[in-house]
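Two complexes, one shared chain (chain A), two partners (chain B, chain C).
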Partner chain A sequence: MSIERIDPELCNGCGICVNSCPMDVIRMDEEGKKAIIQYPEDCMLCGWCVVDCPEEAVYISPEKSSPLIVSWG
Partner chain B sequence: MSIYEDPIGKSTPEWPYPVNYGRENEVSADVLILGGGIAGCHAAINAAKRGATVAVVDKASIYRSGSGGAGVDHWHAAVTNPCCKINPEEMMEVIKGYGNGVTSEYGNGITFYILCKESYDALLDVEKMGVKVRDVDDEFVGAEFRDEETKLMFAYDYETKHCIRIQGANVKPALYNELKRLSVGLYEHIMATSLLTEGGKPGNRVIGATGVNVRTGEFYVFKAKATVLSTAQPVGLWIFSTELKGLASRFSDPNCSGDGHAMAWHAEADFTLMEGSMPNSGGFCYPPYGTGNPHNTWFACTIVDANGKEVPWVDKDGRVLKTVSERYRPAPGQKFFLQNPPPGTPSEYSGPRLIPDLPDRIRNGEFILPFYADLPSMPEHERRAIFGLMVGHEGKSRIPVYNAYTKAGFDPDKDMLQANALPPDAYSIWGPWWLSVGPPQWREAGFVNSGGVVFDWDLRTSLEGLYAAGNQLAGGGNHAAAATTGRYAGRKATAYAQKAGEPVIDRKQVDEEKVRVYAPVRRKGDIGWKELLAGICRTMQDYCGEYKSEETLKMGLRWLNSIRESEAARTYARNPHELARTLECLSRLTVGEMIMHASLAHKASSSALYFKRIDYPEMDPPEWEKFVTIRLESGEVKVGELPFNYWLLPPNAPTYEENYERHCGL
Partner chain C sequence: MAGMVAAIKAKEKNADVTLVDKGYAGKSGSSPYAFWYAVFNPEWGHDLNAWMNHVNIIGEYVNNREWTEIVFKESYDRYQELVSWGVEFIKDEDGKVRIYRFPGIETESFQVKKRVFGQVIREQAKKTGVRIMDRIMMTDLLKQDGRIVGGMGIAMESADLYVFKAKAVVMCSGCSSFKPDGWPVSSLTGDGEAMAFRAGAEITGKEFNEPKSTSAIHPAPTMGMFLWRRDESSVSTRPDPGPPQVQALKGVNAEGTEVFGLVGSNFIELEFEAHAGRAPILSRTPEVQELIPMVGGAASGMSIHTAEGLWPVDTNGATTLEGLFAAGDSCGTMQVGAVYPGVGYAICGASVTGARAGRGAAKYAMQADKPEIDEKEITRLKKIIYGPMDRKGGFSPRWVTQVLRNTMIPYFIMYVKHEERMKAALTLVEFMRDHLAPKLTAKDAHELRLAIETRSIIHNAEMKLRASIFRKESRGTHYREDYPRRNDPEWLAWVILKQEEGEVKITKRPVPKKWWPDLSKPYEEIYLNRFPGE
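Moving on to the complex of A and B:
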């Protein structure tokens, strides 16, 4: 479960989600003026980006784990 | 590139912010707040209202940051509300019998009394800021838990009315707006890295802190007359997985990496309760409050077995409760009760619970697993309070549980929610079912039982100029406790700052910290932060798990030291985000050492601290009825002790009220 996608068609570049994210996972792409995802593995699934987005552009995946499996020990 | 980084290294995204490692910014304030969570925000607001210039530093966006960032649904110990039938002194009775306890959200006597005295005032504060603390929309008219005159709604003990149900999903944005209104200096996305001390010498007066911006990598020097440490308890020290993320990995905010503990330790502050930790199932738990259960937010939901047979509820005396309403009332002759009180609480304050011999009755086949939370059979008001008012506003349950389940078609009017199947013993009262069960080497230091700084009736630490609030306080916890101790620490820090001399920063201390902070981006290392953290966690599991001994703890300390000297010295960071994660690992490394040192110093087992020494198996021997304290002093760990109830012993006054009146600053 983590943030999966921000629809660039729907994103209006307001930046609210950037401030809603306590983990600094969402950034503004200064060139494109759109919100983008970085380090999705740090997402803690509080979901505030979804709640606070005025355009319903943010999608959270129901998957529990990330696709890459690298385990230690 | 390490083996770990190779496959994902290629996908590392381009950095979107201008990076300026080492560029220095200087900020001056009367009061510096480290950590902008619930405690930090209340501290800042109260300092600013008293005329202090205030700077708040937070690793994340203050709008939603911190353990309480996702909201709150019930407000503890609001005993001064107009409907409550007990006063603070009566509530303090629960702490008397703690003895070896002083754990949980009802922990330390100082924080608990401050909580009892100011909890309702703090709630009125946030109401003024726009948080809904009453049923103003009249959605629950006629409910047993609603007071028709004040429209306050109560949780758990409907008779005594000391805990208030609120609709606090937006408490953090409300606090954020108030900080803005009061022109508080907000330094967001800045991770505090060290405390600055007078003359650059640890143990001296604290005169500010250093920080690094997690987006630009710029360096910050905060100069302040007084500092409030309102960072949280450390989490994620034992369990780390590169696969499990988000709520699947832990309950608390992952930003809570123990940075405040590490900073104050290196500044040579006193700590206590650091040896305490609890079992945890890490990434194998369910979303908090996300399975059928009768605890906390789900109190006192009817539980039925696989055949629909109801599990009886009983009061503290074992009397079977026939109606749902009785589960929310004290037993005959009982003054009041606490919901799900932790071990050690005097039994006269225990609340209604499922039959205590439930594990045996499951074993002998009387009840068949799995269980279900039977919401449809609950009275309508209670059903809507549990799956709506509570789950819809509590912490992180709103999105992954309330919204996700509703969207998937879950209807509390018709559907039961299955409880996760557990070993029979796990169905006893303590430990929410959704936490599941992990192996004995998996622990967590935070949430309850958290160790932290030693403090006095001024909420001052052992260092001049350094105050503490919220979960940074040993034995602190819960949203209302964070709010009340934040208010109090904000007042005390301001009073000190008004009289304190101008701080003079020691340049050498700043320069040394800059070298430490930027080392991971300057070196050509071959270990990523995740690999480093995996090593730290494995060491904690192997040498500081449920069962501890002199030999394993000493070995663990040797390993942590070895990790510090070799692996940590080879860890690289490619941008400010990774730098912050790496610095968090260094904080966790320090906190791991603190936990092992405290564990070595505590030569007995303790039930309240979930602390088991194989070499000292006797549980709670009378000679260990005391707090073990630890402090770093010129590189050596000094062990000390404090008596239980130190807060009522000289030089303090013998009663809570006298101490509060003398110190509260109101």
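Moving on to the complex of A and C:
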């Protein structure tokens, strides 16, 4: 799973994590004004989001599974 | 590092500088993992000949000694400059910068404060007057009458098109990879090298490897090194055993035999163990006695820091294309050779080549004519860039990337090489290039980025296979099962790839004879490492 959760209760909507992510995994939810995990499969576990979040709202795990290969996709 | 240093140095020469970054400048590329910085200073008792010899011998004599020397000699000036900008280095309790020495390695290194230095340099760049544009992915170079006159890119969130006119361009896009899930080089997809190749630049160093291993339990956060919490502790299961380049004891194979490697070789020995049927391999180092299963290929598709990318034609990072410069891991200085021989050469090299390329590009721009761009070329490239979004059907970039990974990452393609297997893989990669890449689809801006990256990693796979097939010998991290010995008279040379009239032209450029080892000595004395079967 790699990036697991951004706690909406803790997220202050500053958007720092969106800029921090080199993989473009996180986006801002324009309605809720909170950071959301938009593309979790592309997280490379660099940890910038965890290090940079001023509210300690981001949780990552060392677990990451590769996608199952199928005939086409 | 390289891009921001280049931007600052160009701005200091009064150039009008725009820095464009796919991520956030200061946090993109390899910056999450960079911290070692080699500093040479004769006043500290360092011996240039000893430092040079270390790289020459471990790099197996295909390092470019002119660049090796330049980087060592200028490392102290760049270090002092970084300090003057506010970059912090780890200090001992007495307030002196901590010096890291490793067994078997002649050179010494400092550590920059992890994760902080990028922002400090970014602030310096802004203070100097550099215009920074974050989260714009450059996709293509613009070429007019044989000269690079700018580039095109897309915004990460909106996919809006950006067209940049420039009197000079400095390429600082890092190394290439197959975008593995493992060691976090996923962001280093070689887009810069791919666009330069399409524009006709010469590329080198593609046959060598960075054979990193990782924990079989948690393969993504390699070696537990890089998944830090805020307090810099690791959330992974394996303690950090230190830089892999210096771990002579690599692990214990399935027969219970300890596996040792040459300093700098990373973990290519483990690929040989796997090939011999002696996997699983369990890690054990002097510092970490607990046995943990390992797997290889964590940095698959990456060549060697500072030893792959655009071939420089001078010591200011000018490339074979007029108006295009390169620095950092994008620039094939061959500062190290066939093996990454120690600790701290990458960001030290990035700061030195960045400074040189920045100054060189500024000097060129001052005398260059105002660039003219043919609108037809912009229209042509725009159609290619947005093709995946315009297409109604085809293949997802994630699936094509996974197909490419499955083809290229297994040990028997790029780590234990054989002509028959590489030609088979090349046939598949050419199919991906000709039949899958042109049918990539993207439903949003993020997938458009993935599609462009997928095209780049297919390019990287093709280049690595072609260079590896071409070099018919073994050397450093390039091991050919069918040619298991070094062949000095033929292959003390650099492999050069170039696109001409739609075809890949491959040649070799000899290492100057004055840099060759003394070939009258026994082979076993010249080369410390033995390959299986030689």
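In this text, the second predicted complex is superposed on the first by the 63 of 73 C-alpha atoms of A that agree within 3 Å, B and C clash if a C-alpha of one lies under 4 Å from a C-alpha of the other, contacts with A are read in each partner's own complex, and residues count from 1 in each chain.
What we mean here is this: a contact is a pair of C-beta atoms (placed from the backbone, for glycine too) under 8 Å apart; a residue touches a chain by one contact, two chains touch by 3 or more.
Given the structure is predicted, the values throughout are model-derived calculations rather than measurements.
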Message: Under the stated touch criterion, which partner chain does A:N19 make contact with: chain B (first), chain C (second), both, or neither?
response: both
Message: Taking the superposition on A as described, I'd like to know which of chain B and chain C A:E56 touches: first, second, both or neither.
response: second
Message: Contacts for A:S2 in the overlay, against chain B (first) and chain C (second): which applies, first, second, both or neither?
response: both
Task: May I ask you to decide whether A:M44 touches chain B, chain C, both, or neither, giving the answer as first, second, both or neither?
output: both
Contacts on chain A seen with chain B and repeated with chain C across the two complexes: 2, 19-24, 27, 38-39, 41-42, 44-48, 50-51, 60, 62, 64, 66, 69-70, 72-73
Query: Which part of chain A faces chain C closely enough to touch in the complex?
result: 2, 19-24, 27, 38-39, 41-42, 44-48, 50-51, 56, 60-64, 66-67, 69-70, 72-73
Query: So in the complex, which bits of chain C are touching chain A?
result: 22-24, 27-29, 32-33, 115, 134-135, 156-157, 181, 184-187, 218-221, 226-230, 235-237, 395-396, 398-399, 402-403, 405-406, 446, 449-450
Message: Quick check on the complex: what are the chain B residues that touch chain A?
response: 4, 7-8, 13, 16-17, 60-61, 63-66, 69-70, 189, 214-215, 241-249, 253-255, 396, 398-400, 403-404, 531, 534, 538, 577, 581
- request: Going by the contact rule at the top, pick out the chain A residues touching chain B in the complex.
  value: 1-2, 18-24, 27-30, 36, 38-48, 50-51, 60, 62, 64-66, 68-73
